[in-house]
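Beneath this line is the structure, given in structure tokens, with notes to follow.
When the chains are written out, they are named A, B, C and D in that same order, and each has its own residue count from 1.
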């Protein structure tokens, strides 16, 4: 378990650092790249939680598709190279206050509630096949709803982005 | 490993995401911060699923990823439309609903 | 028994053909050659259906031990238990012993559940096939009629603007009906039911460029939707009562303990009856059926003979224990189903007299005959109803295709006033049409005679009590059917030709199906001959084939369904009525006897005719009276309520408020409160000015407020709890 | 065999990783020499390298030394950190691909449950590096090349994954070893002599996979992102010296990896007819068999590359969305139906 704790520590450090840099950096492309780091780190955390399918999906969908889409969008909206533009609004102190307040209350309740609950060790590990079974039996209707949602999003995006 | 490790990581990321949504001027960055928040939720899902030995946690994480992908598609399309109409994606420029 | 267990192939093949025609028809196969695929597919399923039918008869005659149902040792099973042990050959032995009673070995249907379709909330939905004699019989009927219609259509819709679409839908229609008849559970039944409805919608509106056609399609669809509500509710009631979707399970549960769930079954049966009324054109939801003639004629033949409208009858037969128990068919002497069926039969026959459109006559004839079948089911004559369904399919298809042939010849009109004298131009069509007419009228020895006789007999004997009213209805309809069909024959084929152009006989590809169907109309009755007819020839073993093979005795024996003994007198009465119908009409038209021009002279007769011509004003009732009466009074009522109640209340409130306001203004406001109010107003103004700044129009400010408020609330909760 | 040695986990893993680190440059060098130098020269009737070493086999070393000697130039306007990171990301994607490629029953770095899916996922990472390179170069040609590459790679990732789905459905596993086993134990009409290489039942998927892989590798006829006649080199226009070498290595390394994936999924992988699937001897013979199959598949990839002219950008997109993806979906449907029915 030690190795996993060390891995968790290193990855979380990277993730939190990247997340902070993502919301503070003045360069939008850098911001996106930091988000990539966050997502990759989270993928690692999923592996620690024995959710390899979610981890792989995270890489494929988020890093492989969503982030590329973001970079695409950034480049299409002519992101300049360099730190010329101010990226943070004037009201950032309020935002920081709200975020800190929210963070404080969530952290307090988490520690209060779960304290030092250990993750079940040696419990049942669900592999990819189990996830598939569950999706296609219990959650078949949500799954179909998601496919309809994706289709609607596809059409919606095309309609919105068309020139004419 | 403690359950709280993951939950706290999720909480911290969520709050950073909230900050990003509230403080960043660029619409694309706001969208990215929303992605961060969704991911923070995801790690909670998977962690709780692991803790309670149910597979639903992973399933819902997958659903959230799918929904997030759809959201990015539509969100970016809207941003592109804004950029085309206003040649700006600064969210502070969009205050037509000012009271 | 491979075919019975893999019967899912039968609907699969036309479904594939549908997909192939639709997706590859135009570009890869060629729009004018798609019928090859359709015909190939349907011939294939025709062969498979025959194989299935043969294997089913094998299963009945030489039942393997696992095919024999376990007979519960209650009272109903007694008379079967005696020779239930030596089942080898028992089916043959017992045939004559019970006076035409069913075989003593109860053959359970082949139920194959392929897989769990999906599961939701702990309820599993299965997909599978339920094959028994009834299924097999319907398979053969549907496949045969569909095959002939496919072949016939190659000529009839040749060069149509939507040839590909037509054949694709024809395949899908067949597939849907086949899927429907072998549904393993009621969910599949509903799916098949709706699929059939959609296909009929597509085909009735095949020429959708003309408004009446789309209207007819819409009418058919919407009327069916009304009934579908009943279907859904009924199915849900069944599921709630028995906790299973399986048809086998529901039927077995009822027949194991009849009468225990009577109320639930009554509700379910009434709801399902609404569905039957819409699908099978029963009163009062029959109005869509004659309008459905807007589709191509071969489609009408398919709809009326094999696919769409028999779905309702089939559903009753399939879930017969539900109706038998729900309507107490065994003990009553009149019930809802028999009444609806009998009345529909009578009404349809009456309407058929006043139509000038040959297809509409046939349509009302179908309504009438379907009423006959429903009535037969209502009086407990299960076998008679299914037998009539079987024979009716052939001669009704023959009549429709004959009408199509006539219209093909006479410049695409269906108006009988523009026909006449076609006998000499198209003898083939004429003779097949006459044969089918005789069969429909119930003339010995054509197919209709045997099945109609059984229905009349069933109505007379009933189960524990006879059904006298139904018998009267049935006899009247028998007379009227013969009469109106003779009228059609007169107007279409005899007398002088009143149309224009030169009519000609249809090509072979149309007449051959006609002859095949006419042949079946002649010999179709042989499939369920009563025992006494065959006894002189020493062929009693061949008696009651439909009854032996098709009847799901495994369910019905538990209910104690009995079969009447054949009766010569009843047969003679039926035949006499039919003959007299023909003779009266013959005298009226050919010999010009009787009250010609009565409708012009006598205002009562005129009124009656108009009444018939307007289809009993049912359409007016639905469209103008019911809809309008719902629309108008509600609008008026709402208006009145608005004007008199709401307005008055508001006015009164306003006036009293004004009065009290004056008083308050004078005494309180101006005196004491004014100062403080002004102060408050100033305060509000100032705070509004202050709050205005947060209404910045910027999303992020709202977001800050939202998340801030959420955080504060969360803090409050954490502290409090 | 690895079990026989009974090494601790970390030693075993580091040995495997070390091997992989050696294998990757070697494999790309083999491909470059064999196909880019020798075969292209043969096909296009021109002289290939023939001076340095026997048959010019040392030419590669010379090239490598040449690249390493060159000056490492950073454009003045470039975003320095991203510019330097980009080739590493691309190469990392290639390295990660090798993690799951099996060369024998035990000869694999990590035998993942979701092997195929993982391979698809990490191969999509290279897009990120390319976009980074294109943007950070501060060069219009590079940016255009990057955008083109992103559009193309996303468009062809879909048919790639969908084609693989057919194989996954038939093998009932996403594990690459499992797929090989399914082919080895499969039967063709009851004859199990050569197993059931999925190229027979999934030929459509194989075709789609190869075409999509061609596009993923930005090889001709899908090489618009680096089209030298239009974009004077695309996203790596500004790269020199060993950073260019990294891109170059990644390209050929990925080609090798995709060829390996194709051999595993469609040609039966390391299995040799007549052997048990888990016999230890295959750990020795397997790599050789794999190499042979990979070179065969790679031969086709480069054959197409050397013979076809470049498509237009809109033709490229049209081909992916209107032809390949529908075909791949049809393939999945048919495979699914066959799987359920038989």
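Observations on the model:
The rule we apply is simple: contacts are C-beta pairs under 8 Å (C-beta built on N, C-alpha and C of every residue); 3 or more make two chains touch, one makes a residue touch a chain.
Keep in mind it's a predicted model, so treat the numbers as computed, not measured.
More C-beta pairs touch across the A-B interface than across any other pair of chains. Chain geometry summary: the mean Cα position of chain C and that of chain D are 60 Å apart.
Averaged C-alpha coordinates put the centre of chain B at 33 Å from the centre of chain D. For the pair chain A and chain C, the distance between mean C-alpha positions equals 55 Å.
The geometric centre of chain A is 28 Å away from that of chain D, both derived from CA atoms. Residue positions of chain C touching 2 or more other chains: 700, 704, 707.
The set of chain B residues that touch two or more partner chains comprises 18, 22-23, 91-92.
Under the contact definition stated at the top, the residues of chain A that touch 2 or more other chains are 53, 57, 65, 69, 72, 76, 89, 91, 94-95, 98-99, 102, 106, 138.
Because contacts link the chains in a way that matches no line, ring, star or complete pattern, their graph is best described as other.
Under the contact rule defined at the top, the touching pairs of chains are A-B, A-C, A-D, B-C. Chain B meets chain A in the complex at residues 1-9, 11-20, 22-26, 28-29, 31-33, 35-36, 39, 42-43, 46-47, 49-51, 53, 55-59, 61-63, 65-74, 76-81, 83, 89, 91-92.
Residues 692, 695-700, 703-704, 707 of chain C are the ones that touch chain B when the two sit in their complex. Partner chain D is touched in their complex by these residues of chain A: 27, 29-30, 33, 36, 52-53, 56-57, 59-60, 63-65, 67-69, 71-72, 75-76, 79, 81-82, 127-128.
Of all residues in chain D, those touching chain A in their complex are 77-79, 82, 85, 112-114, 117-118, 120-122, 124-125, 127-128, 131-132, 135-136, 138, 143, 146-147, 150-151, 153-154, 157, 174. Residue ranges of chain B in contact with chain C, taken from their complex: 18, 21-23, 30, 91-92, 94-99.
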